[in-house]
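Below are structures written as structure tokens.
Paired with subunit B in one complex and with subunit C in the other, subunit A is shared by the two complexes that follow.
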Partner chain A sequence: MNLSILLWLPLAAVVAGLILPATEARFAALLGSAAALVLSIVLLFRFDTGKPGLQFVTNKVWISELGIHYKLGVDGLNLFLILLAAILFFAAIAWTALRDWERPRLFYLWFGLAESGVLGALMAQDLALFVIFFDLMLVPFYFLGGGWGDTPNRVAAMVKLFIYTLVGSLLMLSAAVATGVLAQGPGQPITFDLVQLASNARRLPVGSQEWIFLFFAAAFLVKMPAFPVHGWMPDGYKAMPLPVLAVFSGVLSKVAAYGFLRIALPLFPDAAVHFQELILFIALASILYGSVLAFTTRDTRLILGYSSVAQLGFITLGIFSLQDTGAQGALLQAFNHGLVVAPAFFIVALLAARAGGSEDLRDMGGIAFRAPILAVLFLIVAFANLAMPGSSNFVGEFLILLGVFNSKIVISFVAFTGVVLASVYTLRLFIRAMHNRVGPHVESREISLTHGLIVAPLVALIVGIALYPQLALHRSQRSVQASIREAKALTQPAREAQR
Partner chain B sequence: MMIAAAKGPHIDWAGISPLIALLGGATIVLLVGLLRPRVVREVLVPLLALAAFGAAIGCGIWQYGEEKNLISDALRLDGLTTVLSFVFCTGGAAAVLLSWRAVAPREAAHGEFYALLLTSTGGMWVLVAAQNLVTLFLGLELLSIPLYVLCATEMRRATSLEAGLKYLIIGSVGSATFLYGLAFLYGATGSTDFTVIARAVDNVSTDTLLLTGVALSVAGLAFKASVAPFHQWTPDVYEGAPTPITAFMAVATKAAAFGAFLRLFDVALLDTSADWAPALAVLATITIIVGNVGALGQSSLKRLMAWSSVAQAGYMLAGVVVATQLGVKATVFYLAVYLMMNLAAFAVILIRERETGLGDDISSVQGLGVQRPLLAASMTLAMLGLAGIPATAGFIGKFYLIDAAIDGNYAWLGVVIVIGSMVSLGYYLRVVAAMWMQDAPTPGAALAATGRPAMAGGSAEAEAVVTRVQPETWAVALIFGAATLFFGIVPSPLFNLAVHAGESLSGLF
Partner chain C sequence: MQTSAWLILIFPLAGTLINAFGWRVLPGKACGWIGTAAIGAAFIAAVATFIALQDRAEDQKQVVFVAWDYANTVGVDGKISILIDPLSIFMALVVTGVSTLIHLYAVAYLWKDRGYARFFAYLNYFVFSMLLLVLAANFLLLIIGWAFVGAASYLLISFWYRRTTATTAGIKAFVINVVGDVGLVIGTFFIFRHSHTLDFLGTFDSASRDFAGHQGALTAGLIFLLVGAFAKSAQVPLHTWLPDAMEGPTPVSALIHAATMVTAGVYLIARMHPLFELSPAAETVGAVIGCVTLLIAGTIALAVTDLKRVIAYSTMSQIGYMVMGVSAGAYVAGLFHLMTHAFFKALLFMAAGSVISAMGGEQSMDRMSGFRRAMPFTFVAFIVGGLALAAVPPFSGFFSKDEILTDIGARGGLWWILVVGGYIGAILTAIYTWRMIFRTFWGDPCPEARDLEEGHLYHPEAPFNPSNGEIEDNDVGFPGPEHMIAERSGEMKIAMSVLAVLAIIGGLLQIPFVTDALGHFLDPTFADSNLDLSPSDGLVVVGLILGAGLSLLGIWIAYVVWVKRPGTSTAVRERLHPLYKLFVNKWYFDELINAIVVRPFAWAGRFGQQTFERVVVNGVFVGGTTGIVKAGSAAARALQNGFLRAYAALLVLGLVGVALYFLLQSS
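Right after this comes the complex of A and B.
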């Protein structure tokens, strides 16, 4: 199967949509993302679990002078994230297609470009190509948020978001170039191919490895966002239209987590071990800070936003446990969180529509009796978000904590409180929104069929993956182990010595 | 003996054919401009100027791949000369198109205007081809003096005159400093010839005389390339000069100045690079910071582009600092890319100046995304390209420069470049936001707010131009906007040119 088709189809569809009448532009976008979804499901079934390394590789020289290859490939690390992106983009585009937007052709053009950008970042197997897509996928969100956003200060908010996240990305650009140049053997041409870089990375002096790693970490942590660098998040989240936010929060943060596994750990194992505790502390701080703020804020979007900060903290924690179990749990959790947060944002949109347009918790409440189906859907999402035993999120968090427990026992104890806090803020959101007194302007209505048709399958997926998490775990196992092998090997002797 | 001395040097006519095209074109344009009929002056003269630029590029293509010294080693035709001449001839041709309906050529007389433009470009050719301190200075002056006049061609607008005067005074100081520096270089090495200097530099590398010469000539070239702290004239002159001339100055002068930088430092003074490279690296850093910070608060688009051009000069200086072939290639590549992005941006600014009567204020592009999506797309590509966003040629250019910087053991300079890019987003995005996310101002309110209607021409004549269609300006905007996107995805043709230019400096690694 040719990955290029999957990659460019969403963009090609919306570009073709430019010649359609403005009212029909949505169908082009819908068609493109639906086709991408079908292709990514085909990809899932044709993926050979037994084979190590990359599959469906496309490898062409793009810019020979700079050693940049157009190299795409799929393995256990990105297989499910590609699927996640395709699912969420299709759901979000379907959701946006239910209403009219100003300048629809442009709106869907950005949406399609965003999907291609995200898919490109996930599939890229060349460091430079990854950096290009990683930066590129942000551009459409700037336009989507700034042009069609919800708040009056949306332009300022999106500029802040863009600059904040691009600060990380540009540092990553210089770090990526440095990796390519410094890992270049004498007399060899420069290359950014990740496989070759991983075998050459030993050439990097430890000192260079450290600053390069920190630059990469900065890019990924900002995009997640993690605690001290989340400043763009509140304004940015408030400014973006909800369906856009659903994919932004559901997919883009996962690309950052994926970046650690794909790039930072295999290429810079020494630095990863050196900074393991620093990143673990950042992750821990994100969990606690995110949880506490999710518990105190009244804006439903921000509750989900801060909850994402905490969840991404867990994912980072799992990756930097540098244990097979932890990293595997992190990857599973990345998929889970994407599946949970997108329907959660859709439900927030529905709740706001029923509370007179307000997204404030104080204006909501008491819908559950009149709208039992909506309440059930929301409840399942909420349970998944708080990692109820039986949900796939539980499995993910369990594996993460097990990994951390094995490597840094003290940190795992503190992280356990994050699990408790998650149930506190999630249940608070559910109870205040669905039960309690009926809010002042609340108009209880059941979820409409069209909206239900978008949210229900996502919820069904949450249930499905809860019943059978091995689907993801099994396919990703080998790749995750390969990704952290080097770094893990470096931590082993240290612990042997401690014993 | 006497007979031999009286004989002139051998002249390779084919080699200097691009220069002949430019200067011969200038003569013809000047003479034809004297003719009476309006159609001759307003149509034939610019067409002839375009043809001269086309002929210069054509001769360059004809001589492509040649490497030879011309006129007893005073000039050198090689990859660097040819490729850079493509850059500034394209800039000149675009300036002709942008001037087609402008006020400036009508006020200054068409023949003179276009002849000055061609002469200035001829000066650039001499400057980048120079193999000798004397021709280097000759080229610099031939480039500068017509530009002083061109800046002041909108004679009825005070700011244009001011710009011309300011540029004249500051430019002359720059030239004088440069000349003084060249004198020191001659004193230290005993020759004006680059190859002789390069050999002599080896023995005298710590000589105070030489170092003073290097420092003064850096300052002189820095004036032309608007490298901080010699950049102060840039915002005022860019703002005051007629917009087509600003565009020409931004792209062509920059290319020529960097050509001279590369020739002087990467050929003649190569062996003493340990002395000047750290100093130039510091200059580049200062330039990047000053340019980007200066641009942040600007509301005039031309001033914004001026500060941005200062910052971009800093990026390109990184390619000179490392003194490697990779550095030369990266600089030349970036100059070509920079040409596209700037021409697209200036064409849009010019169109809006003529359409809105808001001058070059940022409010003139507000709501452009709704009114003129294609123009807004061009401008967006230019802005994102200048900021170094992927999928534009600007990103590849910046990638190349960072690559060169790190490869030349200036990793920190690569980091400075990306930090500069981050700051630059603060103003490039403001322009993008104005186009796509803000509504067009109502005419009355806009005039009241800016308080200076019709910055573009300032005369009733200019107002009359407003409503007329301007296909040639649109063409410049759209072609170079599209090129910014195209070469961001398919950069190989530009790489071929850059590699050709880089490899012609064979003394480098």
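Right after this comes the complex of A and C.
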């Protein structure tokens, strides 16, 4: 199977859509994302779990002077994230297609470009290519938020987001260049191929590794976002249209977490071990800070936003436990969280539509009464979001915390408070929106068939993966172990010495 | 046996799904009957499994069935697997048996409620979860069942979700239960770290080898498991959710908050007994907390006036006995009490529900009196339950409570302190139980009772929330407009009669010097126990006499205080005012938890929201970039006015052009 087709199909479809009448542009985007979804499902079935390393590799020299290759590939690390991106983009485009947008051709053009950008960042197996796609995938969101956003100050919010991520991107770009140059062996051509870089990883002096690692980490942490570099998040989240936000929060933050596993750990193992505690503390602070803010804010979007900060904190925590279980749980959790947060944002849109257009919790209440189906869908999403045992999110969290427990026991104890707080803010959101007395402008009505057809399958996926998380775990195990092998090996002697 | 074992789980799950998806099409009481039949079928499956198990040889009575790999990766062996052994089947029989009767009661009790289908979907889901909990063969599945039970409890406490009191109670119960889940997970981590398996039997088999030299880890793990047990079983200090849980409909109180879910902690300790026996410290912690809980709850039950809350505190107290028993090694006795308690406590709740219906929803005993003649059936049921709870011979509670105390006494030494606590608790039990009965059924009939004697059931003018007196939204239709009392409902009568019979004869399974049927049946599970608690004959006889004497004394005290010399209770209350304040304010646990846990977090959240977010994140961290933002946004505004489209097109064209250039050049 040719990954380039999957990668460029969404963009090609929306470009073709430019020649359609404005009212029909949505169908081009819908078709493109549907085809990408089908292809990614085919990919899942044709993926050979028993085979180590990359599969379906496309490798072409792109810029020979700089050693940059157009190299794509799939392994256990990105398989399910590609699927996640394809699912969420299809759902979000379907959701946007239900209403009319101004300048629809342009709107869908950005949407399609965003999908191709995300898929590219996930599939890229060349560091330079990854950096390009990582930046490219953000561009459409500036325009989607700035041009079609929900708040009057949306442009300022997007500029803020742009500046934050630009700083991250520049750091990452310089770090990537430095990696290629410094890892270049004597008499060898320069290369950005991730597999080769990983095998040359020990050639990097530890001192260089450290600053390069920090640059990459900064870019990833901003994108997640993590505390304290989440300053763009509240305004940015409020500015984006909800379906756009669903993919932004569902997929883009995961690309950052994925970046740690794909790039930071295999390429800079010494630095990863050196800064393990720093990153763990940032993750821990994100969990606690995100959680307490999520249960004090009254804005339903921001509850989910801060909840994402906390959940991404858990994912980072798992990766930097530098244990197989933690990293394995983190990758599963990345998939789970995307699958949960997207329907959650769709539900926020439905709630606002029933609360007189307000997204404030104080204007909600009692929505469940005439909307039992909506209430059930929301309830399942809420339970999954708080990682109730029985959900796949719990399996992810269990593995993450087990990893941290085995490497840094005290940090795991503090992180457990985040588990309890998650139940507080999630149930608070559910109860204050759906239960209690009817809010002043609330008009309770059932979820419409079309909206139901988008949310219900996502909820069904949540239930499905809850019953059989092994589906994902089984396929990612080998790659995850390979990703953290070097770093983990470096932590072992330290522990032996302590004893 | 494999089929029947899985069917125990499948029937309740099927019931849940049928009621959940059929809510719009199922007519009349169909939802209720489907729910009841599902649990009844699970009971039959449990009986079938029980029979199959009995046919096996004594050392073949612990069987594991695996369904599929759940999270079997990187050294973690998470599987969907169930363990069938005498203990799990005993629990399954009690749970399904009592649940069937309570479902039957609920068929009538909630009949006029708008949420009828939802109620039975939840109730079946609860039973499914509880069965998952008791049948789980590994820690992961145990935790799942554990949390599902908590979720079902939350859903049912908040069942009448328009009441803010109900939703508040629901979230409180859920969060405290999550604290328990976390305890369970941490405990599992500690144990898994050395056992390297999540499987129960695997862990137990090698426990003495795995934990040799890791005594500290084992004790820490077990204490965290106990945190889980305490949260679910409402033991001090994680008990505050249980009285509030009485916001739920009465069948829920009977099923979840008396007969089944709250005994999960007892089951957990009994299940983990091979580990607890390796750690005397953990055993002691469990037993002491059980004893403290039974005394504190007993004193509060003396002071509160809400009928259901008295029974709730009584539940806490009785579970204190069980936790104390199983922690001290009196496994069979603790489980025996679990079973008899399920019978008589469910019966008491059902009878209380009937009285509350007759009061039109009012739960305060201050307003009740003289229901003796108005509700003869409920009265008899209440008396039977009260005698069993007060442990009057030969009712079931007598034998089970007695066995716990004499078994602990057999350990001797400092364990005697706990036994003395248990006997003090026994007197308290008899007093508060009969205080409740005398205040509700004796005396001059209250207006509601008089109405009923004349043949009509009292209805308040507007439906109101008994907890805060708020008038309900009338478009909601729940709680339903009609109230159901046992005297007028066949289903409720049948359920209560069966339970009354069981409350009377349930003790016959296990009578000192006569029969040891339950102990013999459970033996394969506890065969590996190193503790041998066989109290001497003399101790047993003394225990029996003392127990009977104390319960009769307690009833007599209650009779004197509340019937013979009315006014005594007011006098005592004034004489012992500080103590009364302490009891009626529930020992100030809610206030304490509020002050040391809830408020700091809320404060941190407000601080983050109002100060940190605004000043630090938006001010200092991006202080230098604010200017850029302003300049940038001006530029972007300019672009937006018409240029945006052109700009965007340009950008895409540029990117494509660059890409093409390099593509062409490279080939």
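Just so we're on the same page, the second predicted complex is superposed on the first by the 499 of 499 C-alpha atoms of A that agree within 3 Å, B and C clash if a C-alpha of one lies under 4 Å from a C-alpha of the other, contacts with A are read in each partner's own complex, and residues count from 1 in each chain.
Assume contacts are C-beta pairs under 8 Å (C-beta built on N, C-alpha and C of every residue); 3 or more make two chains touch, one makes a residue touch a chain.
These numbers come from a predicted model, not from an experiment.
Undergrad: If we overlay the two complexes on their shared chain A, which of subunit B and subunit C does A:163 touch? Say first, second, both or neither.
TA: both
Undergrad: With the two complexes superposed on chain A, say which partner A:103 touches: subunit B (first), subunit C (second), both, or neither.
TA: In the superposition, A:103 contacts both subunit B and subunit C.
Undergrad: Considering only the touch criterion stated at the top, classify A:56 as touching first (subunit B), second (subunit C), both, or neither.
TA: A:56 sits against neither subunit B nor subunit C.
Undergrad: Once the structures are superposed on A, label A:420 by its partner contacts, choosing first (subunit B), second (subunit C), both or neither.
TA: second
Undergrad: Classify the contacts of A:141 with the two partner chains as first (subunit B alone), second (subunit C alone), both, or neither.
TA: A:141 contacts neither subunit B nor subunit C.
Undergrad: Looking at A:389, would you say it contacts subunit B, subunit C, both, or neither? Reply first, second, both or neither.
TA: second
Undergrad: Tell me which partner touches more residues of subunit A in the superposed arrangement, subunit B or subunit C.
TA: C
Undergrad: Touch test for A:128: subunit B only (first), subunit C only (second), both, or neither?
TA: first
Undergrad: Contacts for A:177 in the overlay, against subunit B (first) and subunit C (second): which applies, first, second, both or neither?
TA: In the superposed model, A:177 contacts subunit B only, not subunit C.
Undergrad: Which parts of subunit A are touched by subunit B and by subunit C alike?
TA: Common interface on subunit A, subunit B vs subunit C: 63-64, 103, 106, 136, 139, 143, 146-147, 155, 158-159, 162-163.
Undergrad: So in the complex, the part of subunit A that touches subunit B is made up of which residues?
TA: For this pair, the touching residues of subunit A are 63-66, 103, 106, 128, 131-133, 135-136, 139, 142-143, 146-147, 154-155, 158-159, 162-163, 166-167, 170-171, 173-174, 177-178, 180-182, 190, 208.
Undergrad: Under the touch definition given earlier, write down the residues of subunit B that touch subunit A in their complex.
TA: Result: residues 329, 369-370, 373, 384, 388-391, 395-396, 398-400, 402-403, 406-407, 411, 414-415, 417-419, 421-422, 425-426, 429-430, 433, 436-438, 491-492, 495, 498-499 of subunit B touch subunit A.
Undergrad: Residues of subunit C touching subunit A in their complex?
TA: Going by the criterion above, the answer is residues 20, 23, 68-76, 78, 118, 140, 143-144, 146-148, 151, 154, 158, 161-162, 164, 167, 170-171, 174-175, 178-179, 181-182, 185-186, 189, 192-193, 473, 475-476, 601-602, 604-606, 608-609, 613, 616-618, 621-622, 625, 628-629, 632-633, 636-637, 640, 644-645, 648, 651-652, 655, 662-663, 665-666.
Undergrad: Would you tell me which residues of subunit A are touching subunit C in their complex?
TA: 60-64, 103, 106, 109-110, 113, 136, 139, 143, 146-147, 155-156, 158-160, 162-164, 228-231, 234, 289, 292-293, 295-297, 324-325, 328, 366, 368-369, 372, 376, 383, 386, 388-390, 394-395, 398-399, 401-402, 405-406, 412-413, 416, 419-421, 423-424, 427-428, 431, 434-438, 468-470, 473-474, 477, 480-481
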